[in-house]
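In what comes next, chain A is part of two complexes: it sits with chain B in the first one and with chain C in the second one.
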Partner chain A sequence: MDGSDLKKVAYYPGCALEGTGHAYNRSTKAVGKSLGLELVELENWNCCGAMEVKNVDPKIQTYLSARNLSIAEDMGFDKVMAPCNGCYHNLKKAEYDLANDPKSVEVNERISAKAGHDAYKPGKVETIHALDWIKKAVGEEELAKRVQNSLKGIKVANYYGCMYTRPRHIFPEKDKGPGTESTAKPHFMDDILAAAGAENVEFPLKTACCGGAHSLSDSDMSTKLVLNIIETAEACGAEVIATECPTCHTGLEMHQVRAEKVLGRKTNVKILYFTQLLGMALGLSASKVGVQENLSDSRAFLKEKGLG
Partner chain B sequence: MTLQAPLDLDGAIALADAVASSAAFDTAPLDAAKQLLGAGEVVLEAWVEAAGAVPTEEEVEGYRLLALHRQGAKGNPTFNACRETCRELVYLRNVVEMSLSEGDLAQARHHLMLEAHVLRHLGLFVGGKLHESGLGDFCCSSRPLHSADSTITN
Partner chain C sequence: MPIHEKSLIRKENLVENENLVIDGVDVSGHWSTFITGRSLTDYNEAMEEEIAALPGGENIHRCWQCGSCTNACTVNAVNPEFNPRYWIYLIRLGMEEELLRDKDIIWQCVSCNKCTYACPRDVAPEGVMKATAHWLELKGHTPKSPSTEFDEEFSGQVIKTGKIEESRVIMNFFRRTEQPLAQPWLVALIKGLAFRFPVFYLMRMGMAVVRRPRTRNWAKSRRAINEYVQEVEAANRAAVGAKGGH
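== the complex of A and B ==
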């Protein structure tokens, strides 16, 4: 992936970034603008299939994701950036399925014909994550030069969640050696925030299951898993857990509150999107990156650290 | 406090809780690190046995825990949700040993504590999965909760 190709990419925010993850949408756009990167939102995009459609019929989920890729292609892009892990995962999975599963191809062609548009053919559009976008389009060296308010002295545990790296076979570009992302120990968020001055702590649960998909059906299980992730981050010395997925972010925030209410276990670590931290390091205000929209109130902490 | 080897999954979580919350105990760090790793095996044995299989005594990369994980994930990719957790457990046990060999007791104790947190996660995850088998289906194997023959497009 050539960094110069990424200065202007198609943008697929997905549903969560219009709702609970609005601060992620806001901070991603603000960071892009600050770095001189251009995001062109897909016209008339649709849901990627998320959890709901995938659980009813995965082939329809493949079609829904493929339609978004098709729109990107029609708009003249060969890269689409999806900051939500769920969307990123589903678009990647659609690409994989259409390249490897004839039944998925057949269903995609059938529904596309009914919907009156050409079926997406794999290999035309590459889906990238916000982490790929910033790391490859700008790079750590340039990021470090642009930092106005260093994150120096802020101890961060980077939590990537599950869908950014699993299942491994849908991410063929990962695990390709130096410079590429690792599925076992992802580091792109660590690299970006380190360039902004943050002190990343050793955190052994970077991709551990948070029970997110069962948040409603078995809240207690999710709360216990999230509480352990949060307590581990605190045991590692973290003051902040940085996230790069709206579902992880909301899950950590909600269950942090719930753990205190239901289990009487209070934790103090702040939960922020990596784009919020990076944005403030680039000189943007806390409100510009939507800190006030977070459930986890970090405003006093950030002020104390000279940010926002 | 003297550590006792756990007999079951709940015992493994209790051991993790004890080590994670206790800065001082009588067991030497390396022995404790080995006990935590052994407790991880107890957790995975519970998963394998629940599937009606006999837990393997083999090793992968020198560790029975990794062999048990491979056995538990065979035919069930959702179990890969705890693959990295198992590998972290092995890694942290090794860091404890390495820190001690370098005479750094503080690092050894810190990593022992992290190992306990990771074991607790493994116990919670596997315990949760024994209670709700769909845990990890959606994300880690990218598999739908319903069977293929119930889909609309078939």
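== the complex of A and C ==
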């Protein structure tokens, strides 16, 4: 992936970024603008299927995701950027299934024909994450030069969640040696925030699960999983958990409150999207990156650190 | 003792004699613990095939019981009774009765895919868990789990309009599962947000409830997906020998 062709990419926000994850949407766009990168939103996109539709039938999810990829193709893009881990994962999975599973191809062609549009053929559009986008299009060196408000002295635990790295086979570009992302120990967010001056702590639960799929249907389980992540981050010395997925982010915020109300375990670590931290480092105000839209309140902390 | 033999030492399968002397040696109490004999005759030989026929269960036959899935499992770390390797073993042998002992927790798989990441045989245990939970429901062994209720509510909205609107999903889910919406922690969360008063954000959320987000020209896609869903549901029912609507 060459940096120059990432200056203008198709943008697939997805449903969560129009709802509970709006702060992520806002901060991603603001960071892009400030770095001179252009995002063109997919026209008339639909839900990728999230984590739920596959449990009704995985091939419906393949169709839903493939429809978005074909929109990107029709708009003349060969890259689509999805900041949400769920969307990113599903688009990647659709790409993989359509290249490797004849039954998925058959169902996708059948539903697409009935729906009145061309079926997406694999190999036309590459799905990238917001992390890939910023790291590849700008790079750490350039980022470091553009930082106006260093995150110096802020201890950050970078939390990637499940869907950014698992299962391995749908991410053929990962685990390819130096410069590529690792599925066992992802580091793109660490790299980006380090360039912005943050002090990343050694955090062993980078790819632990927050129980997001059962955030509401099995709340007690999710609360335990989230509490473990948050308490581990605190034990590692983190003041902030940086996130890159709206489901993880909302899950951490919700169950941080729930752990306090139900289990009486109060924790103080702040939860912010990595784009919010990066945006503030690039000189944007807290409201420009949507800090007020987070469910948890981190404004006092940011003030104290001289940000926003 | 291998995990799949743990049923042998379940309390009801052990006998102890309070007073027992054998050849002049006193073996009273736990010195005389025996495992009762057992003979299994009620294997459900169709179970593996039925689960393999449901979405996600396709590769169950590849398992060679290494245990990587359970070792990696997120839920197992919280609840040791949650054991994908053991369940795959039971399913492949057809030990339905043993499997049914755990029927109320199998749906708790959080789909983190750590098992699928770790599996050296491409069994995709996450899919097998979903297929098994689905099988239990289709067979009438368990009612619809909260997770299934959520999936159906969510998917129903996606199929209907092409997009979802989160607060509607949440409200309908609480209604479907007969839980009060005013959970104390949810109230605390919303109060906290309202207190900070991000007017634009709250207004936009409110607007989304009134004028739900939707994909334009979705009718044909909706019809095509619905036709496919009906086809799959009929195939799933046929695969497990279940009758009628689910």
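Simple rule for what comes next: the second predicted complex is superposed on the first by the 308 of 308 C-alpha atoms of A that agree within 3 Å, B and C clash if a C-alpha of one lies under 4 Å from a C-alpha of the other, contacts with A are read in each partner's own complex, and residues count from 1 in each chain.
In this section, a contact is a pair of C-beta atoms (placed from the backbone, for glycine too) under 8 Å apart; a residue touches a chain by one contact, two chains touch by 3 or more.
Values in this document were obtained by computation on a predicted structure and should not be read as measured data.
Engineer: Following the superposition defined at the top, how do chain B and chain C come out on chain A, clash or fit?
Structural biologist: Once both complexes are aligned on chain A, chain B and chain C clash.
Engineer: Mind working out whether A:56 is in touch with chain B, chain C, both or neither, as first, second, both or neither?
Structural biologist: both
Engineer: Regarding the shared-chain residue A:166, is it in contact with chain B (first), chain C (second), both, or neither?
Structural biologist: both
Engineer: Check whether A:146 is in contact with chain B, with chain C, with both or with neither, and answer first, second, both or neither.
Structural biologist: neither
Engineer: Once the structures are superposed on A, label A:292 by its partner contacts, choosing first (chain B), second (chain C), both or neither.
Structural biologist: A:292 sits against chain C, while chain B stays out of touch.
Engineer: According to the stated criteria, A:187 is in contact with first (chain B), second (chain C), both, or neither; which is it?
Structural biologist: A:187 contacts neither chain B nor chain C.
Engineer: Looking at A:235 after the superposition, I want to know if it touches chain B, chain C, both of them or none. Which is it: first, second, both, neither?
Structural biologist: So A:235 only meets chain B here.
Engineer: Have a look at where A:225 lands relative to chain B and chain C in the superposition and call it first, second, both or neither.
Structural biologist: Both: A:225 reaches chain B and chain C.
Engineer: Looking at the overlay, does A:205 come into contact with chain B only (first), chain C only (second), both, or neither?
Structural biologist: It touches chain B, and chain C stays clear.
Engineer: By residue count, is chain A touched more by chain B or by chain C?
Structural biologist: Looking at chain A, the partner in contact with more of its residues is C.
Engineer: With both complexes overlaid on chain A, does A:121 touch chain B (first), chain C (second), both or neither?
Structural biologist: neither
Engineer: Clash-wise, after the superposition, say which stretch of chain C runs into chain B: 21-29, 39-47 or 75-83.
Structural biologist: 75-83
Engineer: Once the complexes are superposed, what residues of chain A are shared between the chain B interface and the chain C interface?
Structural biologist: 51, 54-60, 107, 110, 162-163, 166-167, 208-209, 211-214, 217-218, 221, 224-225
Engineer: Touching chain A in the complex: which residues of chain C?
Structural biologist: 55-56, 74-75, 78, 108, 110-114, 116-117, 124, 130, 134, 145-152, 154-155, 158-159, 162-167, 170, 173-174, 177, 184-186, 188-189, 192-193, 196, 198, 201, 204-205, 208, 213, 215-218, 220-221, 223-225, 227-229, 232
Engineer: Over in the complex, which chain A residues touch chain B? Could you list them?
Structural biologist: Touch list, chain A to chain B: 51, 54-60, 89, 93, 107, 110, 161-163, 166-167, 170, 184-185, 202, 204-209, 211-214, 217-218, 221, 224-225, 228-229, 231-232, 235-236.
Engineer: Give every residue of chain A touching chain C within the complex, in rising order.
Structural biologist: Touching chain C from chain A are residues 15-16, 18-20, 22, 44-47, 49-60, 63-64, 67, 107, 110-111, 114-116, 162-163, 165-168, 183, 208-209, 211-214, 216-218, 221-222, 224-225, 253-254, 257-258, 260-262, 292-293, 295-297, 299.
Engineer: For the complex, which residues does chain B have touching chain A?
Structural biologist: Residues 20, 77, 80-82, 84-85, 87-88, 91-92, 113-114, 117-118, 120-121, 124-125, 128, 131-132, 134-146, 151-153 of chain B touch chain A in their complex.
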